[in-house]
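So that you can tell them apart, the chains are marked A, B and C in the order they are listed, and the count of residues begins at 1 in each.
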């Protein structure tokens, strides 16, 4: 008797555990949850968790609750492929990620093979240039970003000496090359073209070189950590530098690390979703949960809104239907209206130039 | 000319820092013949200790810079030596007397462990402090360019030279130095003659860690930004410096450090900055081809 | 081993407590700066935060852990001593038999694996990664384990292989089968190129120069954009085909795909399983190749060189050629592994070929027991699987990895399967007899 009740309870418990799991629809995020760029992974996770909670509160997608899977690739291409295969095993239908272009590219081939849709924020042009039909980019491309930055420099800093510097990463070099190209096209040739090694601490050599050449502005392709160091060392050497960079400079670590010198940092980023009046309720919700919706937080939120709406439009979560819906539809998200071209790039990405000011960033005038 | 002088100052500062870390490698190598791959990470730990100490001082409203520096140095040296001791005790001592490569691998494991332990306990974000010492002296002013040496740069070069002299004196003149050299030459014989080999080796590790701690404090003061990844690159460069100078030789480590600092500075200043590391390693290969045991190293005499 | 052997004596409880107390004290000192104190970012400035509760927990854990560990170690040591006394003698031979049985078991398991897990991408893919590392380990084993030349830049040859395949296939349209031998040969060429100038160097000087060589190759790959794609790397690398049959869902007009040719329903798993078997076959060939080499004069010369270089010279052996052949063969195997890596990823970039990668490959060789082929398999499996299993521990993953490396080394300083016996030895009656491979 005792045994039977136990057995029955166990069965019930098992059933209770496994039942909702079967009805759940698995979606995933992947990015650098550990390692050097862990803060970006953190932003993505917070945005995604909030989005999934909200969607489930609305009754899920096509009547099914969403379950979030999190993959950590540490921005290492080899691990990215492993993460992709894990996600395939977990039968996900939609992936928001990866974050680093060098992880997104190899991972996307896995997703492509087994028909999983992905929406990424990786900005390297190669991400959508390979003719894969499962990849959509909800962020602009480095070449668009570089063009905006290059033109801004050519207009704003006319007649001043500008150096173009990159950190030899896929992202940094791509961006710096595009900025240099756009500057040249606008009739301003860079005084110096330099490269540094990311992860080093000593950039006094570069600063001396800039000082000797009379450079006042640098266009920088790379991450915020190095920008902070360059600015500090320039200040110590008595050189007032203005830095123009890309979307990675949204990270508030830059301000902590560079101190007041951060006020000389300009960067390009998509129009601030926090300023989008339609996003206001979501922004409020994040702030109420003590999460500042900076950087990639709202992008992650928007990626799942995109999925929700596309699934609704397609009426199913089958790959073909969903892919068609995503390519042809237009979706209203917290980062604005999203629609995609044949390659999977966002149709109207638009980049805006921002400036850090007293620890906050705002449109540069 | 002014530009070259400024790059010379930059190169010397960087080289002095490499040299400080390289001495730690060279001392450990000298005494137990192993490459302590975790040394760079011990240096990184000390930089984190320095950041914490500086922040504590700032919270306590200490404004006197010499007082603050002394306090931070003492704190960093104390805790970092403890780390040096613990690393030797857990990862290397049990392997003494086994194959040459076993301690090398456990050192690599230790290095991965320390990096991740710091990342976990202190966070992956970069840790900045406001500039501690500002300003410097203008050495030479031409209309086009002003050569200046920062107080911090001066401090680093002076400290390094002073430590170098102190250590050379200690190794050549004191009782500990004699014991240390005895262990280097023949551990078994030294033990028979009453030298406490274990203690000497432990102490050598602590001294190496203490030097790394000085370098860690200097880096914190000079750059003002620290993250858990700084040990890796600095470690590799310092190791290269130690080998270039002849591993096992104290002045060699210093010379190697300065040379690498200067090569990096001048190569990046006049040639292609992106191939800086190729130049460093290329010159290392050249030197080793001509002098297989480094610039100041003693050639190994081998008997069968 | 230390010269002094202490009598085995049972520790009293007070001694145990004092010992654990000492460890707890050390943990306290080490813990204060990293666990007890931390700095947090408050509005753009750092402030110190204290976590003494956590520190206290760590100290207590160290105290308790030491007590238990010490007790367990003593206990085991006692039993081990007793066992050794009982079974002194033919331990080496038995260990060899166990290793051989293990080897056959591993072979059986690796052949059966894709059949059992035929719809589990993750398992097959991870197994492929393990095999890539096994290949790398075997290659480096020739250089480090057999010839005794410490190479810290082995990743350079891995990179040469991967880039050769990537460039030959994307730029010149070579197929996998054409590119494979050429990539191996190129890597071997680089091995000789590196080996030649540095033959005079010994031990750690050799180590640093090889490290430098690895970095030089990586820096060139990063900077020479026209050649290697720079930091962007090379993407869309074609996957190997099944004797001309592509693994695609929709084959090009007028040609068959693997699935349509055999009348199967398309599954993306076919390609993965094919790649897995491909590398398995190549790995087995490598194993046979290296085991044979060890019994040939050149293999014996490597081991002789490892044991004593001066004696080799005195015997009139040509150490230059011996070293170069070790470098070349090791590099070639690394090159093959690189080709498979590129084929698995479909994308390569310089960041996959950093020093850390060299360190991990070296760790595989040393952890496995230098010179032991089976040891490499065991260590490669461990080092790939620990971080994978650790995915559940997320941020503790690499911490555990580092700790495991130290602990395994301390536990078995000679490696997991350590018994460095010569491949050939003279038997009692003077004839050459085969020893362990």
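One rule holds for everything that comes next: contacts are C-beta pairs under 8 Å (C-beta built on N, C-alpha and C of every residue); 3 or more make two chains touch, one makes a residue touch a chain.
In UniProt terms the chains read B = Branched-chain amino acid ABC transporter permease LivH; C = Branched-chain amino acid ABC transporter permease.
Please read these numbers as outputs of a predicted model, since none were measured by experiment.
Student: If you walk from chain to touching chain, how few steps can bring you from chain A to chain C?
Tutor: Minimal hop count between chain A and chain C: 1.
Student: Give the chain pair that accounts for the most C-beta pairs in contact.
Tutor: Chains B-C share more contact pairs than any other pair.
Student: Identify the chain whose mean C-alpha position lies nearest to the mean of all protein C-alpha atoms shown.
Tutor: So the chain nearest the centre of the shown protein is C.
Student: Averaging over Cα atoms per chain, report the distance between chain A and chain C in Å.
Tutor: 34
Student: Could you grab the centroid distance between chain B and chain C? Build each centroid from C-alpha atoms only and quote it in angstrom.
Tutor: 29
Student: Once you find the CA centre of chain A and the CA centre of chain B, what distance in Å lies between them?
Tutor: Their C-alpha centroids are separated by 37 Å.
Student: Could you list which residues of chain C touch at least two other chains?
Tutor: 41, 45-46, 222-223, 395, 398
Student: Could you list which residues of chain A touch at least two other chains?
Tutor: Those would be 34, 168, 195, 253, 256, 259.
Student: Two or more other chains touching the same residue: where does that happen in chain B?
Tutor: Residues 119, 125, 128, 130, 274, 277 of chain B each touch two or more of the other chains.
Student: For chain A, which residues are in contact with chain B within the complex?
Tutor: Where chain A meets chain B, its residues are 34-36, 38-39, 168, 194-197, 199-202, 204-206, 208-209, 211-212, 225, 228-229, 232-233, 236-238, 253, 256-259.
Student: Under the stated contact criterion, what part of chain C meets chain B in this complex?
Tutor: 1-3, 26, 29-30, 32-35, 37-41, 45-48, 144, 150, 197-198, 200-205, 207-209, 211-213, 215-216, 219-220, 222-223, 308, 310-311, 314, 355, 359, 362-363, 366-367, 370, 395-396, 398-399, 401-406, 409-410, 413-415
Student: Note which residues of chain A are touching chain C in the complex, please.
Tutor: Counting only chain A, the residues touching chain C are 33-34, 72, 76-78, 81-82, 85-86, 88-89, 102, 105-106, 109-110, 113-114, 124, 126, 130, 168-170, 172-174, 195, 253, 255-256, 259, 359.
Student: Per the contact definition, I'd like the list of chain B residues that touch chain C in the complex.
Tutor: Touching chain C: residues 29, 35, 37, 45, 48-49, 51-52, 55-56, 59, 79, 82-83, 86, 90-91, 94-106, 108-123, 125, 127-130, 188, 236, 239-240, 243, 247, 274-275, 277-278, 280-282, 284-285, 288-289, 292-294, 300, 302, 304 of chain B.
Student: What residues of chain C sit close enough to touch chain A in their complex?
Tutor: Going by the criterion above, the answer is residues 41, 43-46, 120-122, 125-126, 129, 222-223, 225, 230-233, 235-236, 268, 271, 341, 344-349, 351-352, 388, 391, 394-395, 397-398.
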